[in-house]
Amino acid sequence: MTNLKQVLNQPRGSKDSYNWLVISLIKALAVICCVMIAVFFIIRIVPGDPAKMILGEYSTPEALKSMHHTLGLDLPLWEQFMRFLKTLFTQGDTGNSIVMGTSTRELIMQRAPVTLLLIVMACVLAIFVSLLLATVAATHKDKLLDHLIRIFPTITLGMPIFWVGLLLILLFSVRLGWFPVGGVSEGWIGTLHSLALPAITVAFSQIPTLVRSLRAQMLEVLESDFVVTLKGAGIPSRVILFKHVLRNSALPTLMLMGVNISYLIGGTLVVEQVFGIKGIGSLLFTSISKRDFPVIQGIALYCALAVVIISLLIEIISWWLDPRTKGKQ
Amino acid sequence: MTSGLKRIWNTPSLLVGLIMFAALILLTVFIPYISPYDPSEQNLSAFLQPPSAEHWLGTDQLGRDLFTRLIYAARTDLKIMVLAEIIPFCIGVFLGMLAGYYGKWIDTVITLLSDTLIAFPFYLIVIIVAFASGAGERGIYITFILVGWIVFARVVRGLSASFRNQEWVASAQTLGLPGVKIILRHLLPNVLPQAVVVLMTDMIGLLVAIVTLGYLGIGITPPTPDWGTMISDGQPFITTAWWLSAVPGFAVVYTGIALSLLGDGLADIWRKK
Amino acid sequence: MMSIQPILEINALSLAAKSKERLVNNVSFSLSKGESLGLVGESGSGKSLTLRAILGLLPNGVEQTGGTIKSDVSSAMVFQDPRGALDPLCMVVNQLAEVVYYRQKVSRKASRMIALELLERLGLPDSLKKKDRYPSQLSGGQCQRVVIALALACKPGILLCDEPTTALDVTVQRQIIETITNLQQELGFAMVFVTHNLAIAANLCSRLCVMKQGQIVEHGATLDILQNPSDPYTQMLIDSVLPLPELEGSRDSWN
């Protein structure tokens, strides 16, 4: 590797793009390390004694001492951190749940499927709708449809996600009865059906930003020379749009989804509360109310790791797909 | 002075945004004179009433006038929204300028810090920190000081980096002009307009987060009225008195539109300059 | 021998931006079959926009506010930035075959054959036949050849060149210009060649139009203009070229 500073400052897509790949991996690893440190300190930013908080009214001196020992708070900080890392790397765990006694990882894994399904549904829906709206807006630039679609983000930016969920419940569950008011039904169809409204809610929170960026992206592509070349060459507009424009807009969109994954997860956690879904979100809230620190740490860690890893994967995929980074022959 | 006003008049988004926002502020200031009710005044015999001449937006489950509560809640939420943005804004702009202007290891450290914090989903962090630092106003302020600066730092960092690459900056540096002076006298005025535009949009997110925390029960504590708690209070009655939950949300949306327009308008005005 | 009826006739063409700013003002000229017309001028003189107007694809925000463009034949354009003119995600042979398919209305297989033939004619290496490549994997000159091939695949009567050599290395420039000249002799299309380089225009074109700030300040046969420029701006352009090409040694692509 050449001078590290040089490489760090090089634009993507240059000849040293393999160097770029390595640097990205190193950066991601650095962030992961910091994430672990941050998670470790979550308990410790709470003012006051965590043991006291957990035991509450049962804080006798002996109980406190025993709780300190359980939490490992009687060890020096460095040792505590080592213990934390050890549990993390050997068991993929942040300790046992104080409330349930089982390992945090098991608890989270139990609740994960529902949350994951919800996230995936919301993602697919968001991408699909955003692509549709952005394409319509870009191809009808400055006409009525475009203006309507552009106003859409301005209005929805201020819509709290849980409120949107409530309104959807009001309309579709209470008034129309198309969907259940909350909870998750049995079986595949039932699950998908119950998760429909929550997925729509989460997707709704993402669509405005996605549409804005996608539209700008597509307009840029539509104005580029090669589109003029193709149009001038007589290739039908429909082919240009679907084969060439969309493909070129897809890469930046992918990058954008990577950035948004963080908001997607956050939104899902809140929406679970609105719809009474027993996923990771509700686990978070019960852990919070019961001061179950290991579980809180575990959730925070897994979410952050998911965001970092997914972002990295998406960056790598778009790097791989972009022929410009393949280098000259 | 008049040319400034004229510019505002010619930028429709800025104009409408200002009007909307001003209307809201006026309402919050003059509410004691507009409404005869007290926001905590309970009237159990007149609970869950639909909008009427007496109660413009109806009453909630404890018979309190909804309209009054709505505007008093605006006082709380808007005040916190503005106050909670000040420190993160300053920190973010400052760190962003440092990172973008000096680059190298300062940049690496600040970027690493912001990347780490941003890896945690926003609402996850907000919920955990708000709970950890105690519910209520104080928790909100602490939370946003911790994570609210990132978006400003990022934007300002980009601007500062391209600023630094301009040729005259290099020559100013060789002439011995100290970096601090360059930053304060030249970089800051350059960077501030765009940072303020971002501020407008960020405030919307902040307001929504405040309201969300209120809804989840870890934000503003009762009896202080807050749009979020109003929505969660109204949720059990959604089938019979749906406006209890719906209306505070519309208030948030209204504020969001006003701020959005303000942001767009400011961006337009400063771009034309 | 030039045919009498012009294949392209532009009359009092005016183009303006949405903000009513005039970009091209009252431009008129005509083009005969097989003729090469040079459109010379500095940046911002409206030359490229005139070409886009002939092509019928004005950029967003620009509209035709007056005048007419009459043409019996189709035109195709070659851009300044060869890489920007090709879809970066589409391999070049596929791209060319696609144009042939839609333009010449032959089967997919036949389009590919024709595409490969065209590329060979343009002097592209045989290795492309075996392994298709992306534009980013080709050199600037090679990309420009592909773009020219794309234009020719439309069998145009007029080839519009918008500074096709400006973005290329000097040695490559000459090659491309030679290629275009040879093709023109072979296929007989007319050409409008936009450039800010008077030397290239003088070498290539039998007639010149000098544009300044959206208007034509001088037009006529190349030799006449070079020897007796009537507009001071033209004189300025001539003076800034050193040295002028020897007129006997230049290519005789007209007559």
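Each chain gets a letter, A, B and C, in the order it is written, and its residues are counted from 1.
Note that contacts are C-beta pairs under 8 Å (C-beta built on N, C-alpha and C of every residue); 3 or more make two chains touch, one makes a residue touch a chain.
If you're wondering where the values come from, they're calculated on a predicted model, not measured in any experiment.
Chains that touch both chain B and chain C: A.
Seen from the C-alpha centroid of chain A, the farthest chain centroid is that of C.
Chain B and chain C have centres, each the mean of its CA atoms, that are 54 Å apart. Mean C-alpha positions place chain A and chain B at a centre distance of 23 Å. A separation of 49 Å divides the Cα centre of chain A from that of chain C. Multi-chain contact residues of chain A, defined as those touching 2 or more other chains: none present. Residue ranges on chain B touching chain A, taken from their complex, read 104, 112-113, 115-125, 127-129, 131-134, 201, 204-205, 207-208, 211-212, 215-216, 218, 228, 231, 235, 238-239, 242, 245-246, 248-249, 252-257, 259-261, 264.
By the touch criterion given at the top, residues 52, 55-57, 59-60, 75-77, 79, 81, 84-90, 98-99, 102-103, 133-134, 136-137, 139, 147, 150-151, 153-154 of chain C touch chain A in their complex.
The touching residues of chain A, counted against chain C in their complex, run 141, 223-226, 228-236, 239, 244, 247-248, 323-324, 326-329. Of all residues in chain A, those touching chain B in their complex are 5, 27, 30-31, 34-35, 38, 42, 45-47, 154-155, 157-163, 166-167, 169-170, 174, 262-267, 269-270, 273, 284-285, 288, 296, 299-300, 303-305, 307-308.
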